[in-house]
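This is the structure I want to talk about, given as structure tokens.
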Amino acid sequence: NRSTTAGAKPTVALVVKTLNNQFFIDMEAGAKAAADSLGIELLVQAPEREIDVERQMQIVENLIQRKVSVLLLVPNGSREIVPAVVKANAARIPVVAVDTRIDAAALTAAGGVVASFIGSDNEDGGRMAGAFLVERLAGTGKIAVLEGVPGHETADARLRGFRTALGRAPGMQIVASQPANMERDQAFNVTQNMLQANPGITALFACNDVMALGAIEAIAAAGKAKAISVVGFDAQDDARKAIAEQRMSATIAQNPREMGRIAVITAHRLMQGQAVASEQPVAISLVK
Amino acid sequence: MIARTTLRRMARGREAGTLLGLVLLCVALWIATPFFATTENLANVAEQSAIVGVIAIGMTCVILTGGIDLSVGSLVALSGIVIGVSLQRGIPLVISVTLGLLAGVAAGTLNGIMITLGKLPPFIATLGMMSVARGAALMLSDGRPISDFPAGLRMIATGVIAGIPAPVLLMLALYAFTWFMLTRTVPGRYFYAIGGNEEATALSGIDVRFWKTAVYAISGLSAGLCSVLLVARLNSAQPVAGIGYELDAIAAVVIGGTSLLGGTGSVIGTLIGALIMSVLRNGLNLLGVSSYLQQVAIGAVIIIAVLIDMALRRRVQRSPR
Amino acid sequence: MPALRMRGISKAYPGVQALQNVDLDVEHGEVHVLLGENGAGKSTLMKILSGGVPRDAGTIEISGQIATLSSPRDARDAGIAIIHQELSLVPGMTVAENISLGRTPTRFGIIDQRRLVRDAAGVLATLGADIDPRALVGSLSLAQQQLVEIARALSLDARILIMDEPTSALTGKETSHLFETIASLTARGTSIIYISHRLDEIFTIGGRITVLRDGRNIATQHVQFADRRELVSLMADRDVDELIPASTRTVGPPRLRVDGLTRGTALRDVSFTVHAGEVLGIAGLLGAGRTEIARAVFGLEPFDAGTIHIDGVAVTIRSPIGAIAAGIGFVTEDRKREGLVLDRSVCENISLPILPSLSRLGVVRTGAEERTAMASVQSLRIRTPSVHQLARTLSGGNQQKVVLAKWLATGARILFLDEPTRGIDAGAKQEIYQLIQALAADGVAIILLSSDLPEVLGLSDRVLVMREGRIAASFTGREASAERVMAWAVGA
Amino acid sequence: MIARTTLRRMARGREAGTLLGLVLLCVALWIATPFFATTENLANVAEQSAIVGVIAIGMTCVILTGGIDLSVGSLVALSGIVIGVSLQRGIPLVISVTLGLLAGVAAGTLNGIMITLGKLPPFIATLGMMSVARGAALMLSDGRPISDFPAGLRMIATGVIAGIPAPVLLMLALYAFTWFMLTRTVPGRYFYAIGGNEEATALSGIDVRFWKTAVYAISGLSAGLCSVLLVARLNSAQPVAGIGYELDAIAAVVIGGTSLLGGTGSVIGTLIGALIMSVLRNGLNLLGVSSYLQQVAIGAVIIIAVLIDMALRRRVQRSPR
């Protein structure tokens, strides 16, 4: 049986999208803290690239071989990861989805189950950011958008939300929307170029703080810091600092630490054979 | 007879070094963790090696001719999307898959034409194609993944024949075929000849342009086959699939002892190289190594594997023929 | 009707009119000799005939039919085969595969290994070359590779067979074998176009002779009515004294002493001494180990046993850097692989080993560099539009001269010359012989490794004969004769 | 005199093709959008080209010797993090920056040693280093970006001298220096010679191992310099910085007409190549081209630029000088 092969401590695996991203590092920190207090051994693994769902699938498969007790999973692809979840179920390892949902339809179709979902909705966050700008600019403005990696779900969800929010205010028009691949230096260049093409820009929304921080450097370099309000996403430390220094207007906080903490506690309950709620929402908030 | 020559070649040290590297790695992991040497896990590793393993086949042929193909990663995405879109349009499975493979072959052929007629360096032609094909895949799919494929396709990933996962069988079959093609048939020998001395090959009346174009078409085909495996595995075709696969494939080829200058190497070495890569990743996961340390380890092992290989080959070469 | 009729062939390369309105007729079963100095256009003409290079103008008829010959394949289908001056083999493949390249025998699409090897062994046998058809070409010595190149051309059994300096790296033994083969081919009606700078060969096999100079026809005549001296002056457009000038040198103190040099089976207990102002010739058959000596002393190959003294002082040389520092120079036998950086200019090739001395604070004094290069180009009569011409575009012989120039520029006091006149025309040979004499006269110790026996005998103060890595015999220049040297070389 | 030779070389078509490509591109954009040909925007483009432009300098030297360096992207991240960590530890700015540069040089030297002593193919040695250095950067920084650098450092990015942005000046200075080094000094000649025929160069008594190691050290240094620019520009050192820079740099080098086989090429061509890349990206942003189409366009232009270059070079070679 599992407990003997897995050694003294029960092992819980947390597989995130990538550990090159502050968001998941914070999630890891929250989870580690909880794990230590509960005396759980926590394995944290992630592919090098945030969009690499195949590699994430391999990691899950390998951790199933490792016979972990519970799998906490932040899927890189909410449908693509389903076969891996099914494999975990087959190995009688409970799966908990964190931050990003696992596609319900696909999961049931494949006969898989998820013990619980912990997280908040990116589309909501996008809507929140949009609403903030509508209010701040009193319903009229020229908006620039920094998209994420083309075809990348999280960023797309945030963008969808943002667009729906602006849809309600006819005076707000998106004059430029360009990808900067979630990278700071690309965001810098793209912003610089967008400012050239659209001198009248009054606000900028970036699908994550990394890009937002690149953007404010470019805007400052163009001497338009006063004229343009920048909104990011993720509420990274740097972003919070920038907001405090009024170089940036707002960002959306998803509180990854909390997600990590709740995830590990959930794992603990599952190991104890206790029931867990199938939905554990984590508060999302606007930081300004 | 075939077996004998293979053995002789191995003894001559072309694959021996790589094989030793793989064995050492396995032994180390076998000692380090109880989870590695289970039949289940080994099957799991083999299955995971199939994806890169299949592209590495075409890459081996390309590199043997002295070329390189950076576009395979994007071509995996492109032909996957073509399959997905065709199925959405209600085209039958078999035809859709054929279309997907054709997309890979067409893009590969285009690479070949740019290189032979356009006289472009392979690195540049395929770097361009890498970007173009990625863009095309994104446009075809509006950047969204395409999901839910018929069970028939899924079988390719999930099927098990005689206890061996279908992807592994497919990979092995392709390797066996390619090995035969490279060592026992005329086109195979032409690939070696072109890589060894293109001018001399042309002077002996061989249509170098044709065969070089063919080799990139083959690479496109193997990218297409890889994407079939991937789509079946993920039950989804993604426009962002396959990013960075080209480097993994090239690493597998070179770890396998094929020279980037062309003319020398073998596809069997490539298979071993691909296995080394996935055994390593598997082991690091089983050991629960931090994902930062993993990157360091992977880089280090690539280097060490080739170092061993080189050292061994020099030793063999020195000893009198 | 002749087997081949070429009319008004012209070809221009950047900066050079390689061929201008050249005609050539070859009869069935004739050995037609092409003569000309380095850069006269012989190889270019033959490359055009074998479809390797497009012609700017001119027509080609083969047994009466107009032939386009736009690709090597065309030429082969028209029954034309060529032995290239510069080896064109695939090093990574076996001898057999190289010989059958492009015509690999198959059964049901699968390569017929047995026939492949059998056929190759057959052709090699007719050449009396004992080379394993399964050996990798890259592992063969230059001379062995040249035999493979010849074998490949023979295996095509063509109607017109072009031989562009086939013997430049061969010794007497293989050469005579080749001539027997040629005789039997012509008997069967095969026409042969033969290019060589070794005039005595021409008189043994030649039918008619066509002389080219600066890409133009100069004369065509039958070999019986030709005399050596006349031919040479026709090529050079000036009188060239072919006799090797008698040397009036005083041999100085020992400069290089090698004792018991041993390296596996390639070198076995080799000992010799070269004095200042002395030319030491080393003769031997293919693979006798001459090149190996040079490579070992020059620090390219570690050796198992042996000591080296320079000017009486024991030295250990681990690399060419050490060798050059010790005043040793090494003109290698394979100019393409070891001699030249083909895509750099003549000037940069010559200055390469001495750049530091041509520079101030690491900055190259281009003026001084060009002067050095120009001086060599003049003194060695290197044919090139300018010193900034890429080495690649020079004719074979002129490339060889650039390599020589490079080493002369280093002012080495001990000079290994491995096949120094390989593929070099009679006039240039003369200049090089005089150069060797002159160098010896001002005290350079010269080790001459050559397969050209007259050259060895004519230039050397002493002659060593090598066999299977051993020094089999040693003669003073006076004692040495072709017969005796060959007798020892083959071990009879 | 120097100028004259440059002109002669250009006329000889080594850079002419690339230059023509750049000009055509600029004219097209000038017609297509009013925002392109503004002094401000052109300054931007120049500034944006500095980042990749600087790594491409070292890459040119490496490629001239017939090698390749895939690790530069990761080295940018590593030396940036080293600078950041040192500053956090309270080490003075100048010393911190020096440490960062040294980190680049050290890693580069290690590349060189693996290639010369270890006889590893450059592709593999630097591919391994790519992974190792990335992992190291992540470990040093716990995966978190390091922010807020002293104004002194920021000046490097923000400073403007005689109306020209400081990064552009720095880049131009480095190019001028490298051009001189490659064409006028002994080491430069050795790099070309090694790339042209390594064996012949070694036989001419040149310490090939030393100079090959040196060239990778140079590449590491230019990665370090690039990271200084990047850190100053973003006011942040990131462990994930520089991903994919190696491909951009190699593209710039090859677009600039340097042969991946080594031995021929020029650093001036590389500068033009780098400019083509950033003009293109800038133009696509100004035109507001869809993100997917952008990738297609970038790939296509890389290919077309080199095609023009090749065609032109062939033409020039045919016509007598």
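Order of writing sets the labels: A, B, C and D. Residues in every chain begin at 1.
Here is the rule we use: a contact is a pair of C-beta atoms (placed from the backbone, for glycine too) under 8 Å apart; a residue touches a chain by one contact, two chains touch by 3 or more.
Only a predicted model underlies this, so the values are computations on that prediction, with no experimental measurement involved.
Chemist: Report which of A-B and C-D is connected by more C-beta pairs in contact.
Modeler: Answer to which pair has more contacts is A-B.
Chemist: Between subunit A and subunit B, what's the gap in Å when you average each chain's C-alpha atoms?
Modeler: Roughly 33 Å separates the two chain centres.
Chemist: Once you find the CA centre of subunit A and the CA centre of subunit C, what distance in Å lies between them?
Modeler: 71
Chemist: Please work out the Cα centroid separation of subunit B and subunit D, and write it as a whole number of Å.
Modeler: Taking the mean C-alpha position of each chain, the two centres sit 30 Å apart.
Chemist: Hey, how far is the Cα centre of subunit C from the one of subunit D, in Å?
Modeler: 43
Chemist: Counting only residues that touch at least 2 other chains, which ones in subunit A make the list?
Modeler: 19, 48, 150
Chemist: Subunit B: which residues touch two or more other chains?
Modeler: In subunit B, the residues touching two or more other chains are 138, 143, 290, 292, 295.
Chemist: Residue numbers in subunit C touching 2 or more other chains?
Modeler: Residues of subunit C never touch two or more of the other chains.
Chemist: Hey, which chains are touching each other here?
Modeler: Final set of chain pairs in contact is A-B, A-D, B-C, B-D, C-D.
Chemist: Spell out the part of subunit C that touches subunit B in their complex, as residue ranges.
Modeler: 50, 52, 71-73, 76, 84, 88-93, 97, 101-102, 104, 106, 109-111, 135, 139, 152, 264-265
Chemist: What residues on subunit A touch subunit B, complex-wise?
Modeler: It is residues 5, 11, 19, 43-49, 51-54, 57-59, 61-63, 65-67, 77, 79-80, 82-83, 103, 106, 109-110, 149-152, 156 of subunit A that touch subunit B.
Chemist: For the complex, which residues does subunit A have touching subunit D?
Modeler: Per the touch definition, subunit A meets subunit D at residues 19-22, 25, 48, 147, 150, 176, 178-179, 183-185, 188-190, 192-194, 196-197, 210, 213-214, 217, 221, 238, 241.
Chemist: Under the definition above, what is the set of subunit D residues touching subunit A in their complex?
Modeler: By the definition above, subunit D touches subunit A via 33, 35, 38, 40-41, 44, 48, 51, 134, 138, 142-145, 147-148, 158, 230, 233-236, 238-241, 243, 278, 281-282, 285-288, 291-292, 294-295.
Chemist: Enumerate the contact residues on subunit C facing subunit D in the complex.
Modeler: Interface residues on the subunit C side: 12, 14-15, 298, 300, 320-321, 323-325, 330, 332, 337-344, 348, 352-353, 355-356, 359, 362-364, 366, 385, 406.
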